[in-house]
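These are the structures, in structure tokens.
In the two complexes that follow, subunit A is the common piece, with subunit B as its partner first and subunit C second.
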Partner chain A sequence: MATNQQRDSDGWLARLSSRFARFAEFVQDTDNDAVVAGAVGGLSLAGAFVGFLVTSPYTSVAVLGFLAAVAYSWVRHQELAARGVTLAMTVSTIVILALITFFIFYEAWPILQDRSGTVLGLTIPGLEMFTTTAWTPAEGTPRYSMLPMIQGTVLVTIIATAVAGPLGVAAALFISEIAPPTVREVVKPGVEVLAGIPSIVYGFLGFTVLSPWASDQFALVGQGTYLFVGIVVGLMALPTVVSVAEDAINSVPESMKSGSLALGTTDWQTMTTVTIPTAFSGISAAVLLGVGRAIGETMAATVMLRNTPTIAEPLYNVFYGFETLTSLIAANYGSSSGLQKDALFVAGCILFLSVLALSVGSQLIEQRMEQKVGGVE
Partner chain B sequence: MAGATETSVVRENTSTYEAIAALTVGLAAVLFFLGLAATVEIVSITGSLAGLPTLTALGLLLVVMGVAVGGFGLLSYRGLFPTDPDVSVGIVAAALFSALWALLGFLVGAEALGLGLAGGVVGGLLIGAVAFATTAFPREDVGSTLPAAALAVFFGLVFLLGVVGTEWSWSPANFPDSQSVTFFARSVAPFAVMLSSLVVGWAAAKAYGGFGARGRHLGAYLLVYLNAVAIISILVALVAFVVFKGIGPVAEGVEVGLGVGPATTVSLFGFSYDVVWPVYWPFLMNGASLFTDITGVFPAIVGTAWLVIGAVVLAVPLGVGAAVFLTEYAERGRFTAIVEVATNALWSTPSIVFGLFGAAFLVPRFTPQPQKSLLAGMITLGFMLLPLVVITAREAMIAVPDEYRDASAALGVSKWQTIRSVVLPAAMPGVVTGVILGVGRIAGETAPLLLTMGGGSFVGAGQRAKVLDSFQLSLSPPFVTNPELTQATTALPYQLYQVVLTGTGETAGVTDITAFGWGTALVLLAVVLAFYAVGIATRQYFRSKLSYE
Partner chain C sequence: MTDDPERSTDRLSRRKFVLATCAAGAAGLAGCSGGDGGDGGSDGGSTEAENTEAEDTNMSGSDGGSSGPALLTGEGSSTVYPIANKGASYWNGNAPPSDGEYWGANDSGSVPGWSEIETDQNLADYFASQHGFEATGERSNPPYRATIGLSHSGTGCEAVTDGLVDIGNSSGPITAELGWSEEKRDEEVVDHVLGRDGQPIVVSKDIYDAGIDQLTAEQIRGIYQDEITNWSEIGGPDKEIFCIGRAVGSGTDTSFRLNMLGDAEAEMPGVDTRQGQNQGVAQLVRQNEGAIAYMALAFTGEQVQPIALEFDGTVYQTSKDAENTIFDSSYPLNRDLHMYTQITEDTPSGTDNREGAFMRMFLTEFGQQVFVEDNNYIPLPTSDLEAEMEKLPDTA
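Now for the complex of A and B:
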């Protein structure tokens, strides 16, 4: 065990030193002015970042320094400058994700610490937010339970997936395998346009037309149901499912389908026995991404729900819609402060983590699919 | 040729059978649309249909269809029809049918017979098991028709015998009073009709194909085509409805003619002169004010325009640069894998989380006092646009054939020169399309704006964001300031949200809030769909051009 660790750290050190040696070699081979410009550029970019974090007025000085360094090296060493600048741009995507993660957890921390609970002698931050059921920020002893919102999000997501999953996969099959070219040229952009309709427009339609209609149809007390929010959100998640599933189905090699058809099967038999099983992992990745979209959908839910966090009873009562994690944030952010605001960040953390897990999961599945299909060819 | 002869032979033998089966499919379609019409109350459940009370007529149709489809199955089983059924209908159909029947059994057992939860579960399991046995074990022709026929006949008899009459209603007892639900015949009956017509239509389409491989093919294609048609009709209906509702308020008071429009002052090199627009379009050119007749969304349009410009200026260079590095410079390894995961994670991060991030990270950093601002909104939306630009730009660059790069390199051209003069121009169509579609998406984004930018529910035309006029230079850092950029403002989607918050009534010179909302929704939809139309058209144009090469 100890030797293993030793070897690992040896390898790690060796890699680092070889990397450092390569870097030193690179510095040696490069003109001095380019190295200086690169160092100035890198340092001032870092300076600008730090300056922005601490809201210093000198941020702009650092930005100017960076621009000057880039301009100089662009004139004198365009090759290197282009490489360096594009590298910085690439790193920025990772930095943004890291910043998002850091800031939403940083803002959520005070309430997580305040509402910690003890299980078997262990103090778990934020446990109290998941063991009580009341969201009453305005009362003497305010309670910030996430459970009503989690119930709402789960119900909406289940309904939305039930809508977007089967319909989306069927539409993807239709577009990539069944439709004649002229029909495809209509349906494919149509599905894309469906993705373009802003969620607030869906929400406005739901608020003015669907919700009153639903209340009338089912004699509900007041307006707002998880059922119709779920259906609308499912419609909004549909294009994501269609486009990813379509990619997966298209990536099944034509030779496999032709081989099956040559045996005299019908198109549908080929689809169910060859195309769908081969593309299965890609299709499930598509559904996972659709679930992610449904979890994160905000405006339709905010506008159509009641925005009074309550547990719907019985737990499967989808005819009453109170609050989801997303609508909680959107509806309450403007009027909240202190611990209540931090509680909204906790809701954001839950959303972020669950969607991140779904995204990474679907990527892993897609990678597997690529390897599988690649191996067949 | 062989196929052609065979088809004609089959057709000769089965023309009556096929005609009846096709008729049943058509009847199912009619019934489906009747159900749909009843849902939106075009056909009244309490009224009458073709001389009969609506429920009786629907029940009669359901029974007829059920008997027809069940008859197909049995006659085919006795060998009276030349069909080609498989051994079994398959596990998927069996599972779906038994789930459906188990649910029905549960509801009937627990509620209609009053046996409570235990009785419901027993009844559900029993009927589900029977349905599974009838579906999965017999030959395909019986397995796929009998459960469907039974469903239609069951609902038909329920309506015919008046078990569910026009006055029927049911509220589950275990729902608390404050969250009670009542199911009426007017909502349950159309749903039951649509459900059974789908199931029976599927079974009849299978029968039309003579079961077996061809029957399954037809049954499945019926459902898949129906799904595609439904999606497109929902899209058309949505857009048409918004246009129908919104065109009135938007088009109100439009005048065309010389000198009718508002004056715009253009100042250039110290000279300034007024340009009077030849069009007066109040909804697009007015703000909210007590002094204008028609309240418009001009400040919101300006806000959305600035948001889009800001987001594009931030995200496009960053995204394209990152895509260049990833495809051209970086070797595939751990670093590119991390970047890929990060971009995909950013792409699927919910917009409200971007909003929270903007509120925590950007809002406190531009002014001494934390304040929502146009700049914070721009950067937040830019961050949302970034992953989309990276992904599409990368795809476009990967699609550029390596021969292009090799040919350029063979001429002794350096790497960056190759990228600049070969790769980027070739990838440009893909990048442009991706950016336009991405912009369409963020232009309609609302949630982040609530947290980072939005201010003022109904904004006057004078309070629009005058970004260009407000740049101020100074000698001490930060050298350039622009108070308009660091102030809260409005945008089209935000304006629509404010309409919902306000509800109904009269505020700030808006006489009919709901009509104003529909107008705003129409303008927003038009802006977003215009981006989509341009994006899709660009792609189509370049694709047709490229396919000639």
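Now for the complex of A and C:
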């Protein structure tokens, strides 16, 4: 191990020095004014970033310096400038992402620290928010449990996936494999139009039509159920699922299907034994994208739910809908302060981590499927 | 519905107005009659400009200068501001009685409470002339202008006692804002209450029709604290209570906890749903059976019925004319919105004619509806209106 590391670090050093040498060569070969413009541009961009962080009034000067450097080099050395600018854009995207992540956790830290708990002598920040069950921020002893919202989000997501998954995959299969071309021409754009409907429209429909109806039919006290929020969110995620799954199924090579058919299978057998397994990575990515949409859906949930964080009993009771992580933030951001506001950021952290886990998970599934069936891009 | 014809005439007249600039003669009339709606914007602008100009002259002018009455100034609480500022805007507009939307009546409708006014004078002219000011008879040119500044309750109270403004707006009593004794208050200022801020208790129509038109404070506390969960427990139908609260930590939520449940940090486990806005609460009460909520009076109606409340042995009725009403300041969810005027050597009664005429506007049925209730505040009950009228100088 030690020698391995040694060798590795040697290689790393060598690579670094060769990289330096190449960079020096590049600087030598390039026109002096281009090098200067690049240096000025890079430095002023870094200066603008620092100025922005410390809210300096000179930030605009640095930004102008960067723009001037870009403008100059764009006129004199367009190719080099384009390389530099695209690199800068990529770097800033990543920096912005890192900053957002940092600030979500930074803002959540005070309450995580305040509500820490001990397990086996180990202090874990925020543990108390996951071991209690009450959310009562305005009372004498305020409690900030995240469990009611986690339950809500999990229930809504499961229902939404149960709606969007089968419907979406079946629709994608039909559009791509079964439907005659004319039907496909009409249905495909139609599904994509569905994706363009703003979520508040769904939420408003749910609030004024679905929720009162459900309240009557199931003899509930008042309106707001996870069941119908889940169904509405599932419908909202449907276009995403159909669209991505259809692309995946479409990209299965015709030769594979023809080969299967030539062996004497029926269309249906080809679909179930060749097309779907081959496109499985794409289909699962589609469903996971839909799940991601369901977790993050805010407007419809806020409008339709009751906004009183409570754990539904029994745990699978979907007929009463209280609060999801997103609707908690949307319903309380205006009137919260202090620890309550920090607790909203904790909800943001949980959402961030679960969406991160989902996207990493979908990448892993995709990789695995690619190895297994030599999947198709 | 009432807006649409207005808008179409407005659009029509704007076209006419363009014509008028080309062919002066006949089209002049059209430009005149239609200009009202569009005038609002330019009107506000000119008021502000005038405000800064007049500010300097006003200091000396407030004791009644030789060349016409001085600008009437007010300042203070953001809670009182919507009432006072809307009043000042109407006043400065000095709309003619043919307007129909802001003052008076015409084919498309009349202002609320017009039947008790029925004058052929313009808005500000009508009230000002009752206090001896000369009517101008011109739209956008009141006998004197009124302007309302926005700051805080405490600042408003200080500004009026320092003589910087004529009217100090405050959402809390001046005794609390400036730490005064009640004697000092009575010596230095006159307290005018022109409206209230508060949230009556409402129930859904099915509950109201089933005979629940009055609850005790104890019952409401029980409902919101989950001790009472069915209407049958308090004499209603056998129906579970759908209890609607307001966003946690908002002003309405805190004041409800404080005034109804007895503690700003009281627990409210009985709440089934929380809504941030009055509109949302009203919609929920309309859509659901067995609902109870508290919300601004302006959103109540046939489907959303305010109910009487028994608190500490007093029954607060929903009728404005009753002895104790939900519009009273002693109703536990209400608080007075004050406009203070200063007692000076020139005006020992505390309220001069300029202030009196302006305030009289708010104390009519028209003023209570347009300035108070339309801004989601609670209008005064009949007895309070009469008492407030007493504080104003006699009409000429």
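Basically, the second predicted complex is superposed on the first by the 364 of 377 C-alpha atoms of A that agree within 3 Å, B and C clash if a C-alpha of one lies under 4 Å from a C-alpha of the other, contacts with A are read in each partner's own complex, and residues count from 1 in each chain.
Note that contacts are C-beta pairs under 8 Å (C-beta built on N, C-alpha and C of every residue); 3 or more make two chains touch, one makes a residue touch a chain.
This structure is a prediction, so every number in the text was calculated from the model and none was measured.
Novice: Compare subunit B and subunit C by how many residues of subunit A each one touches, and report the one with more.
Specialist: Larger number of subunit A residues touched: B.
Novice: In the overlaid three-chain picture, which partner chain does A:334 touch, first (subunit B) or second (subunit C), both, or neither?
Specialist: Once the two structures are laid over each other on A, A:334 reaches both partners.
Novice: Does the superposition put A:73 against subunit B (first), subunit C (second), both, or neither?
Specialist: After superposition on chain A, A:73 lies in contact with neither partner.
Novice: Quick check for you: in the superposed arrangement, does A:324 touch first (subunit B), second (subunit C), both or neither?
Specialist: Touch partners of A:324: none, neither subunit B nor subunit C.
Novice: Considering only touches as defined above, state whether A:151 meets subunit B (first), subunit C (second), both or neither.
Specialist: After superposing on A, A:151 lies clear of both subunit B and subunit C.
Novice: With both complexes overlaid on chain A, does A:207 touch subunit B (first), subunit C (second), both or neither?
Specialist: So A:207 meets both subunit B and subunit C here.
Novice: By the touch definition at the top of the document, which applies to A:138: first (subunit B), second (subunit C), both, or neither?
Specialist: Once the two structures are laid over each other on A, A:138 reaches subunit C alone.
Novice: Is A:221 in contact with subunit B, with subunit C, with both, or with neither (first, second, both, neither)?
Specialist: Touch status of A:221: both partners.
Novice: Using the superposition on chain A described above, determine whether A:281 touches subunit B (first), subunit C (second), both, or neither.
Specialist: In the superposition, A:281 touches no partner, neither subunit B nor subunit C.
Novice: Hey, what residues of subunit A end up touching subunit B and subunit C alike?
Specialist: 207-208, 221, 334
Novice: Of all residues in subunit B, which touch subunit A in the complex?
Specialist: Counting only subunit B, the residues touching subunit A are 171, 174-176, 178-184, 186-187, 213-214, 216-217, 220-221, 223-225, 227-228, 230-232, 234-235, 238-239, 241-242, 317-319, 321-322, 324-326, 329-330, 338-357, 359-361, 364-365, 383, 386-387, 390, 414-416, 419, 437, 440-441, 443-447, 450-451, 476-480, 493, 496-497, 499-500, 514, 517-518, 521, 524-525, 528-529, 531-532, 536.
Novice: Write out the stretch or stretches of subunit A touching subunit B in their complex.
Specialist: Residues in contact with subunit B: 52-53, 55, 57-61, 78-79, 82-83, 85-90, 92-94, 96-97, 99-100, 103-104, 106-107, 167, 170-171, 173-175, 178-179, 183, 186-187, 189-201, 203-205, 207-209, 217-221, 235, 238, 265-269, 289, 292-293, 295-299, 302-303, 312-314, 317, 319-320, 326, 329-330, 333-334, 344-345, 348, 351-352, 355-356, 358-360, 363.
Novice: Please give the residue numbers of subunit C that touch subunit A in the complex, ascending.
Specialist: Touch residues, subunit C against subunit A: 240-242, 244-245, 247-250, 253-254, 257, 263, 265-268, 271-276, 283-284, 287-288, 290-291.
Novice: Could you please specify the touching residues of subunit A with respect to subunit C in the complex?
Specialist: Per the stated touch rule, the residues are 136-140, 207-208, 211-212, 215, 221-224, 306-308, 331-332, 334-337, 340.
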